[in-house]
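Here the chain labels run A, B and C in written order, and each chain numbers its own residues starting at 1.
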Amino acid sequence: MNKTVKYVLYDIFRSRILIAYACLLFLISFSLMSFEENPSKGLMSLLNITLIVVPLISIIFGTIHFYNSNEFIELLLSQPFSRSSIFFSQYMSVSASLSCAFIIGMGIPIIIFSPGTIGTTLIITGLLLTMVFVSLAFLSSVFVRDKAMGIGFALLLWFLFSLIYDGLILMLIVSLSDYPIEKLTLILASFNPIDLGRIFVMLQMDVSAMMGYTGAVYKDFFGSSTGMIYTFLIMFLWILWPLLLANHRFNQKDL
Amino acid sequence: MIKIEQLNKHFKRLDVLCDISVFLSKGQVISLIGPNASGKTTLIKCLLGIVKQDSGIIYFNEKNIKGDWSYRHHIGYMPQIERYPDNIQIGQLINMMKDIRNNVNTLPDEELIEKFELNKIFISKTRSLSGGTRQKVSAALAFLFSPEVLILDEPTAGLDPLSIEILREKILKEKEKNKLIIITSHILSDIDGLASHIMYLQNGQLIFFKDINAIKQEVGEDRLSKAIVEIMKQKKSLYKRKNEK
Amino acid sequence: MKRTITFILYLLFIDILSATTFHIGTRYPIKSIKEAVRLSSGNDSIIIHKGTYRENNIVITHPIIVIGIGAPIIDGENKYELFIISSKNVFIKGLHFKNSGCSALNDYASIKIINSSNVSVIENQIDNAYFAIHVSNSNFCTIKNNIINGLRKQEQTTGNGIHLWKCSNFLIEGNAITNHRDGIYFEFVTDSRIQKNSSENNIRYGLHFMFSHNDEYYNNLFQNNGAGVAVMYSKNVMMKYNTFKYNWGASSYGLLLKDISDSYISSNIFSKNTVGIYMEGSNRININKSSFQENGWAIKVQSNCDENKFHDNNFYGNTFDVSTNGYSSPNKFYNNYWDKYEGYDMNKDGIGDVPYHPVSLYSRIIENTPGTLFLLKSFVILLLDTTEKSLPTLIPENLKDTRPLIKPLVI
């Protein structure tokens, strides 16, 4: 299994899209961090990129890669490997290479300009989101046979997590504003990896608006070590369940 | 060597394979023929475990292949592939195969790599390959480990006559070594002089599986391709009549 | 300052003419402060030498100079008060007060000053007091360069650092106050000046004043206090060069203005507070040349505020610049620098050609439903704000900076 990872990585690392992605991230991060006199404001802008661009690229790249590798995967399947090992090695290759691109593109500028807890948290969150969205990408490409439909479905997933879900939450909070729903929103955050990552990073950033009453509820929870463990646990679940479900389907599937 | 029992497979409403039972043994070169969409590729993929049958059992060396993958150590497969990973080099692709199937006991069989002169283009990326070169690479990969069973899906498609000849010779050589070779092909002349058996599929049904000499006698044709066309015609009319009833 | 010097010169002059000097210490005949005070009469001096004096309820009713040498410790052993002063012309310097009593009924203090004038309390250290310095009904006093550190207990069991009630013409300067209930507390205090003090880590307010008119606050530092700084029901307040920092919490404000009018707030720094300035029922206040950095809300103006002017300020890194609960704004914003301003300056005069609306749609939503803080910095909020910016419908149209600056002011 690990032997194919090496060669798939060879392949992806030379992919123009991946190189472009790393360069783009690097340019944005570098210019944002060097342009802003205040590093925390630069990090705040990078948080927006991490929450919107990273999931989008991860899920699209993951989906396209999977469809393009269809025949190669067939060839690998005719070799003496179990299907799961082929599937997971594909996942590892894609998420490892996207993670590398993220570290080079955003991690290095952050480490140069603003090393510390906040930067590290941002990098970790970016990496976790990369892995989650590659996992979702594989889910969509295994379940949807047609490439165009699969990419469409992946986009829909991204749209759901980055916009629609939050829109619904906004409506929910506004319509339930008479009730104390802070605790409820803690639970709701767990159902969206992007929200979870966003709150996790923001609490590290000491955003002053987060220090009000509502913020205190989040701070109490996510700021504690229990909250930290919970966040990581939920993130790992978000990596695992789509991946395991996809693997299960991949094992049943005709190629 | 390979025993197939009552194999069934359908995609949605379409029956792709119906109740196929056959026994293939060492030393045979089987030409798997049939019109388009007759189920040839599906049958091959079932053998490789790439497609999972609805019912029926496939035995490889008397072992059920279901849920097993180690039997594929003994199979070399040459697929009809249109796309290798874009940015990988041919050399790396071959190295990968050597890496993942490293068999300590036998040296890799690089005869085809040499004869197709693939070493000259080791560093070019697979993206830039022509269809013919891609076929050469696929063939070289399939033969690399001197497997006991060779499955070649449309091996000659896109190859120039010279390369076809190289491949033919290679297949013949392997045949001498008492191996089981399964070839699907549309072009009947390719298999002339190669095949020992003909397996004919139509609409997912195994119409016949016969020794080539028997066929020649039956139809009274000396040239294989003509003989087969003759049979195809017969069967077609038979099949039509059956349907009319 | 000048006042103090004149006062000291005056005292020295008296001393030369007629005063006696009493020395207290282990090597001197008099061992107790109380004893020395009893022996002394008007304008005498008492020099307290290094040592620990376990005494309390030392009552001073005549003019006197008390000077500690080598920071002698006066330990009240958690009972009663230490010094009670009720006289004119008293000077206290260089003492280290410790452990005055704590009581729910009486406002026990390390130094209590009642019905006095011309009292100076200078360069003392006061630890673990209920109230450190408690002044009532006095005038023309100086409290300077004292270090005051309470023991941080609950709000009910800690008094204020410097507490003034019904006073006038005070100078409070250079004191460092920590771990009390309110750092500096004024009620009915007029014509006084508070400068160069620092008030940190207090349980409630760093500075708290009510009904205190015509006072001036210069160069003070208020940070990390439970509820920041609250000023209420006062007129003609002048606040300049102060720093309000790190006041974090659900009801914590850099500066809370409640019913303040005709005041001038200038050249202050508001940094990293949950709310920089919160205004309620305040009128005719001029807020200028101040810098608002990385606050949750730089300014919250309730709709009952009128005719306030915000100009020549810098706003950067605030989550929300301005928020209000009303639909019209009778307050004026002009000539400020806003880091979120995205307009242009065609004629290069340094002033943006399109007005800036400092109230975002999201700040309005969050004002009504605080729970939506959950969505801070999310994509959906970004979209909402951008949409509202291009087609304003919900935010008050007249709350805008008509002359936003392109570059930050040098303040």
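What we mean here is this: contacts are C-beta pairs under 8 Å (C-beta built on N, C-alpha and C of every residue); 3 or more make two chains touch, one makes a residue touch a chain.
Please read these numbers as outputs of a predicted model, since none were measured by experiment.
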Using C-alpha centroids, which chain lies at the maximum separation from chain C? B
One chain's C-alpha mean falls closest to the whole-protein C-alpha mean, and that chain is A
Just curious, how far off is chain B from chain A if you go by their C-alpha centres, in Å? 42
State, to the nearest whole Å, the distance from the C-alpha centre of chain A to the C-alpha centre of chain C. 47
Counting in whole Å, what is the centre-to-centre distance of chain B and chain C, each centre being its mean C-alpha position? 89
Which chain A residues reach two or more other chains? none
Report the residues of chain A in contact with chain C in the complex, numbered from low to high. 38, 40-41, 44, 47-48, 51-52, 162-163, 166-167, 169-170, 173-174, 176-177, 181-182, 185, 188-189, 194-195, 198-199, 202, 206-216, 218
Parts of chain C lying in touch with chain A, wherever the complex brings them together: 248-250, 252, 272-274, 294-297, 316-320, 339, 365, 368-383
Within their complex, chain B touches chain A through residues 11, 45, 48-52, 69-73, 75, 77, 79, 81-88, 92-93, 95-97, 99-101, 125, 141, 151
Touching chain B in the complex: which residues of chain A? 3-4, 6-8, 10-15, 68-72, 74-75, 77-83, 252-255
